[in-house]
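First chain written, first letter: the chains are A, B, C and D, and each begins at residue 1.
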Amino acid sequence: MANNKFEFEAAYRLLENKLEELRQLSETLECDFSNEIANVEKRISQLRAERYKHLTPWEQVILSRDLERPMTRDYIDTLCTDFIELHGDRLYGDDPAIVGGIAVFGDRAVTVIGQQKGQDTAENIRHNFGMPRPEGFRKAHRLLKNAERFQRPVITFINTPGADPGIGAEERGQAWAISQLLLCLSSLRVPVVSVITGEGGSGGALALTIADRIIMLSNAVFSVASPETCASILLRDVKRAGEMAEALKLNAPALKDLRIIDAIVDEPLNENLLGAPDFVADLRSAISKHLDEVSAQPLDDLIRQRYQRLRVIGQFYEPDL
Amino acid sequence: MFKPTFKPRKAYIDLSGISKSPLSLDSREGNFPCPTCSTWLSEAEIIKNNDFCPRCARHFAVTAWERIYSLCDEGTFEEWDSGLTSGNPLQFPDYDAKLQRASEDTHLPEAIITGKGIIGGMECVVGAMEPRFMMGSMGSVVGEKVCRAAEGAMERSLPLILSCCSGGARMQEGMLSLMQMAKTSAAIGRLNQAGLLYITILTHPTTGGVTASFASLADIIIGEPGALIGFTGPRVIEQTTGQKLPAGFQRSEYLLQHGMLDIIQPRLEMRSLLIRLLAVHQGGRNGQ
Amino acid sequence: MANNKFEFEAAYRLLENKLEELRQLSETLECDFSNEIANVEKRISQLRAERYKHLTPWEQVILSRDLERPMTRDYIDTLCTDFIELHGDRLYGDDPAIVGGIAVFGDRAVTVIGQQKGQDTAENIRHNFGMPRPEGFRKAHRLLKNAERFQRPVITFINTPGADPGIGAEERGQAWAISQLLLCLSSLRVPVVSVITGEGGSGGALALTIADRIIMLSNAVFSVASPETCASILLRDVKRAGEMAEALKLNAPALKDLRIIDAIVDEPLNENLLGAPDFVADLRSAISKHLDEVSAQPLDDLIRQRYQRLRVIGQFYEPDL
Amino acid sequence: MFKPTFKPRKAYIDLSGISKSPLSLDSREGNFPCPTCSTWLSEAEIIKNNDFCPRCARHFAVTAWERIYSLCDEGTFEEWDSGLTSGNPLQFPDYDAKLQRASEDTHLPEAIITGKGIIGGMECVVGAMEPRFMMGSMGSVVGEKVCRAAEGAMERSLPLILSCCSGGARMQEGMLSLMQMAKTSAAIGRLNQAGLLYITILTHPTTGGVTASFASLADIIIGEPGALIGFTGPRVIEQTTGQKLPAGFQRSEYLLQHGMLDIIQPRLEMRSLLIRLLAVHQGGRNGQ
C-alpha cells in the first residue's frame, strides 16, 4: 500500500530522469536523438495519464491530501477578484483553519468560505492543519448570515482532515458549532455551491458542504471518516486503510453514483493545478454554470429543493404497507 | 422482512468507548464491578436501585424500550416505522452480518425506536436510541426515522422528545451515513420554524455525528448525570493530542458548566421534568 | 456621608434596643408599662417611616445594594410557580451571575431572567457579585430568542453593580455581548416587562432593561455609572459620591419624571420585603397589570411602540428650521 | 444658538484613558514623545507622515472633520443636523461650562459629525466622532445624531459608515445618556432589517457605552492599528481586578485575534478599503 504520492509516482519520475540524462548526453555528444526522445516522452506521458485515470481510491486519498495541491486561498485568488477577508466569530476568536470573506466571481459579488491548510509545516501549524475549531465554524455561520442579508450567493471550498479533535474544541462545543452550521446552511436563503477540492474529511468537511450543488475535483475525496480511522476501528489494523478506502466509496465517481455530488471537474496531470489554464477554465465554468442555474430559481423553490436533496439521501428497506 | 419480537429484559452494559463492541448478554450474569467506582454489584441490586450504582449513582445503560416505557404514560406509546431496516448500500464487508447480530441481540430492527406517546397526559412524538444496536450508530434508518419523527410532530403540531445515545456515524454506510447529519439537522430546522418544542435527553454515551446534528439542536437539552457527551471520543483526543484529559472531561456536569446543556436530571426524575417542561410550554401557547 | 445602611438605621435600632430593655425590665419588675411602651414603639415606627420616605439618593444607593434584600431567585420563587432554570449560552459557559428559565406567572407561562447576586460572601463569589460576563448576556440572548419562538412574555429582574470588568470578559467581547442583547430586546416579538429590584448599574443593568414597561421598587436605583465612579472621574474624590448620587437623578421618582420608568412599587419598612404580603401583592399586581396591557396589543404595534419609547429619550436643543 | 466656524488644524493628542482630559492645544506645540514607543517627534514630522509615528506607526488622533475629509470624495460631504446641541437636562454641576469649553476648543457643536457623502463615487451616510469633544462621550445629541444618520440611510437606501472614538457614556446626562445605548442599538436593528450595509471604523480609543452599542453592531467592523477598543477601560480593570493586563490587551490586533474585528486597516488605506467594500456590496445587490 502506497503511503504517499511519490510511491505511485516513482516509476514515472525515474523514467523522466533517465530521459533527461539521455537528452543531456545527446547534447554533449552532438548526436540528435530528439525524435526518439520525443517519442519516449509521449509514451511516458500516455502511460502516466493512463495510470492517473486508474488511481485506486487509496491513491486518491493520498493525492487529495498532498500539500502541493492548491489550498482554499489559492482557489479564491485564482477564481475571484476583489477578495476581502473577514475575520472572527464575534464571540471568542478568529480561527485560521477557516478562511472567508467577500469577493467578486465573474460579474457577481459572492461570499466565499473554506477550510485552509498550510503548504509547509509552519503554515500548517498556524492553520491547525485545516482542522476547524468551534470559532471557525461560528465565523462561517456569521459570514453566511451576512451573505443572506445582502443576498450574496455563497461558494464554499472544502479541504480538511476534519474538525479539530482537541480538548479546547470540545470545551467550546465543537458538536454544537457543527450542528448549528448544518442547520444554518440547510435553510440559508441564498444559492450555495460547494467545491470539494481536496480532502473532504468527516463532519468538519460536511459542515460547509450543504449546498444546492456540489462539485468535486476528480482526485478529491469525501468520506464519513478517514480510511485509517475506519481500518483501526473496524479491522483493528490501521495498515488496512487501503481496503477501507475502497469500501467507503469516497471518490468522485462513486459519490456521483450515490447522488451525493452533482459534478466532477477533471484534474490535469499537471502538478500545479491552477497553472493549467484548461483546468481553471473548466472549474470556473462549472461553478458558474451551477451558480447560474440555482440563482435562476425563486428562493422558496431553491430552499425547498435543497431540503429535498438532503431528505432523500439514505438507503433502507421498508415493508410494503 | 424483519419481525421484531419484543421481550423486555434488563441489560446492564458499559459503553465507555465507541470502538468497544457491546458485551454479550451472557457475560452480564453474576456480579461485576461498577465502571465508575469499582464497587462490585449484582444485577439484582441494580434492578432494585432503578439502574443506578447504589454507591456512585452511575446511570447504567437501559434499552430503548425501557427508556420509552419510563417516559410515557402506561400503554400510550404507538410505534412508528418499525418496519424500516438497513440494507448494505455500499456492499461494505461484514456489514450484513453485524446488522443481523445486532438485531438478534437486541430484538430490534434498528438503533432507534420512534412513535407517538402521551407523557403526563400530553401527547408527544417520542424516540429513544438503542445503545446495544451497533453502538447506537446513525445510518440511513436512524436518520430517516428521526426525520419522520420530526415530520410527524409537524403534521400533528406536537412536541418532539428524543433520548439520544450514539457512538456516531455508521461508517459502514459511508457518506450516506455522514449525510444523515445534514438531513436530520435540516428536518430539525423545519421543526424550529414551525415553532414546535424539541427536547433531547443526552445519555451515556452521546458522541460523534449524532451530537453534531439533531442531538445538540434542541430547544432544551437535558443531560443524564455522568453521561459522556461530545464530538470526538476521549480516547481519540488523547491519542491525537497526547494530552491528559482534565477530570470530568466531556461528562454532563462539565458540559453544563461549559454552557452546552440546559439541565442535568437524574433518570428517575426525568419523566417528571418532562411533564413540567411540556406543561409550561403548553401554557406558553395558550397564554398568548 | 453614610456608607452603609446601618449608619442611617443606627438611631432607630438604638431606640428599639432601649425599648426592648425597658420591656424586659418591666417584666422582671412586674410593673406594667405596656401602654407607654406601645406608644413609644408607634412613635419610633412613625419617625422611621418618615425617615424612609425622605431617604437621600445616596442612602437609596446603599439600600439598593443591601445583601439582605431579596435577590432575583427570591422574586422568581415568590411571584412564579413551576420555575425551571435553564443554563448555558451554548457557546462557552454558564454564567451564574445571570439566572433564567421558564415559569408560570399567574396563569401564563413566562420566561424570567435577571442578574443574580449572592446573599453572603461565598455565594457572592460564586455569582460573581451579580456582575455578568459575556456568557451571561449570551445565555439571556438565547433564552429570549426561545421565548420569542414560543410566544412567551418575558419578565426581567434587574439587580447588578454592572457588567464584569475583568480581563476574561473583555477577551470574550463584553461590549459585543451587551450590544447584541440590546438589539435583540429592542425588537423581540413578545411583550417584555422589567422590574428594577435593587442596584441598576450601568450597561450591565441596561442590557436587560429594554422593555415595554419598566417597574421600579421605591428604593431601587438605576444609573449610568455608580456615584463612586462619577465622583472619582468628575470630582477626583470618591468621597463625594453622595453629591453625585444627588446629581445623577438615579432614584425612582427622578427616573419617572424623566420618563425612563413607568411605575414605582412602594417598599414597606419591613427588612424582609418578600415577607410583607402587601408588598408582594402590589408588586404582583403591578407586573400583572402592565403585562396584561402590553399583551393586549397587536405585536407589530408593540414593537413599534417599544422602538418609539427608546427613540424619544434624550434632551437637546435644535434650532428652528 | 451655536455657530460652528470650521478652521481645519492638526491636533495630535493621546487619549489613552477615559479619565484624562485632552491636552490643551498649546501644550502640543514643539516636540513630544510618542506615547507608544517614546521616540521624540515634532509636529512637522508627523504631518509629513500622515498622522503616524514614523517609528512605530502609532495612529494619532485626528479631528472628526479630518476624518470625514479623508474618507469622502472631495467636496461631496453635506452635513446633517449641525444645529443639535446639548442642554443640561439634569442641571448637572459644571456641565454647561464643560460643554462650552469643548465647543470652543473644537469649534464643533457636539462630539459627532454626520451627513451624506460620496466615497469612490458611491453615495453613503457618513459620520465621525470627535475625540476632543468631552472624550467623544455619548449624550443625547450623539445618540440622536446616530439615530438620524441610520434613519437617513434607510430613507435613501444608502450604506452607513461611522468612525467611532469615545470614552463612553456622558455621565453628566445620567440615565438619558445610558439610554442612548439602547436607542442607537434599536436604530441599528432597523437598519439591519432593512438589509442596508453598516460599517464601523473603531479608532483610538473606543470604549464604554459606544463600544457596547452601535459601534459593535456593524456588519463589518474595521479597527485602526493599535487602537484601544473595549468595554471597561484598562485602568479600571487593573484597579478592580488587581491583575496585570496582558501585552497588547484591548488593542486592535488583540481584538482581531479574539474574533471581534473583521479587519485591521491602516488609516492611509482606509478609504480604498471602504471603496472596495462598498463596490462588492453594490455588486451583491445588483448581481442577484
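The criterion applied here is as follows: a residue touches a chain if its C-beta (ideal position, glycine included) is under 8 Å from a C-beta of that chain, and two chains touch if they have at least 3 such contacts.
The structure displayed is predicted, hence computed values, not measured ones.
Student: Any chance you could name the chains that touch subunit A and subunit C both?
Tutor: For subunit A paired with subunit C, the chains in contact with each are B, D, in label order.
Student: By mean C-alpha position, what chain is farthest away from subunit C?
Tutor: So the chain farthest away from subunit C turns out to be A.
Student: Tally the contacting C-beta pairs at the B-C interface and at the C-D interface, and name the larger one.
Tutor: Looking at contacts between chains, C-D has the larger number.
Student: Averaged over CA atoms, how far is the centre of subunit B from the centre of subunit C? Could you give it in whole Å?
Tutor: 42
Student: Measuring centre to centre with CA averages, how many angstrom lie between subunit B and subunit D?
Tutor: Once rounded, the distance between the two centres reads 53 Å.
Student: What is the distance, in whole Å, between the centres of subunit A and subunit B, each centre taken as the mean of its C-alpha atoms?
Tutor: The mean C-alpha positions of subunit A and subunit B differ by 33 Å.
Student: For subunit B, give me the residues that contact two or more of the other chains.
Tutor: 192, 216, 258-260
Student: Subunit A: which residues touch two or more other chains?
Tutor: As it turns out, subunit A has residues touching two or more other chains at 90-92, 172-173, 176.
Student: If we count contacts the way the header does, which residues on subunit A are in touch with subunit D in the complex?
Tutor: 82, 84-94, 102-104, 107-110, 135, 139, 146, 149-153, 295
Student: Quick check on the complex: what are the subunit A residues that touch subunit B?
Tutor: 163, 165-167, 169-176, 178-180, 182-183, 186-187, 202-203, 206, 209-210, 222-225, 229-230, 232-234, 243, 247-250, 255, 258, 260, 306-307, 310-311, 313-319
Student: Tell me, which parts of subunit D touch subunit A in their complex?
Tutor: Counting only subunit D, the residues touching subunit A are 192, 195, 197, 216, 219-220, 256-263, 273, 276-277, 279-285, 287-288.
Student: Please output the residues of subunit D touching subunit C within their complex, sorted ascending.
Tutor: 1, 18-19, 81, 83-87, 89-90, 92-94, 139-141, 143-144, 147, 169, 171-183, 185-190, 192-193, 208-209, 211-217, 230-232, 236-237, 240-241, 243, 245-246, 249-250, 258-260
Student: With touch defined as at the start, can you tell me which subunit C residues reach subunit A in the complex?
Tutor: Its residues touching subunit A are 90-92, 134, 138, 172-173, 176.
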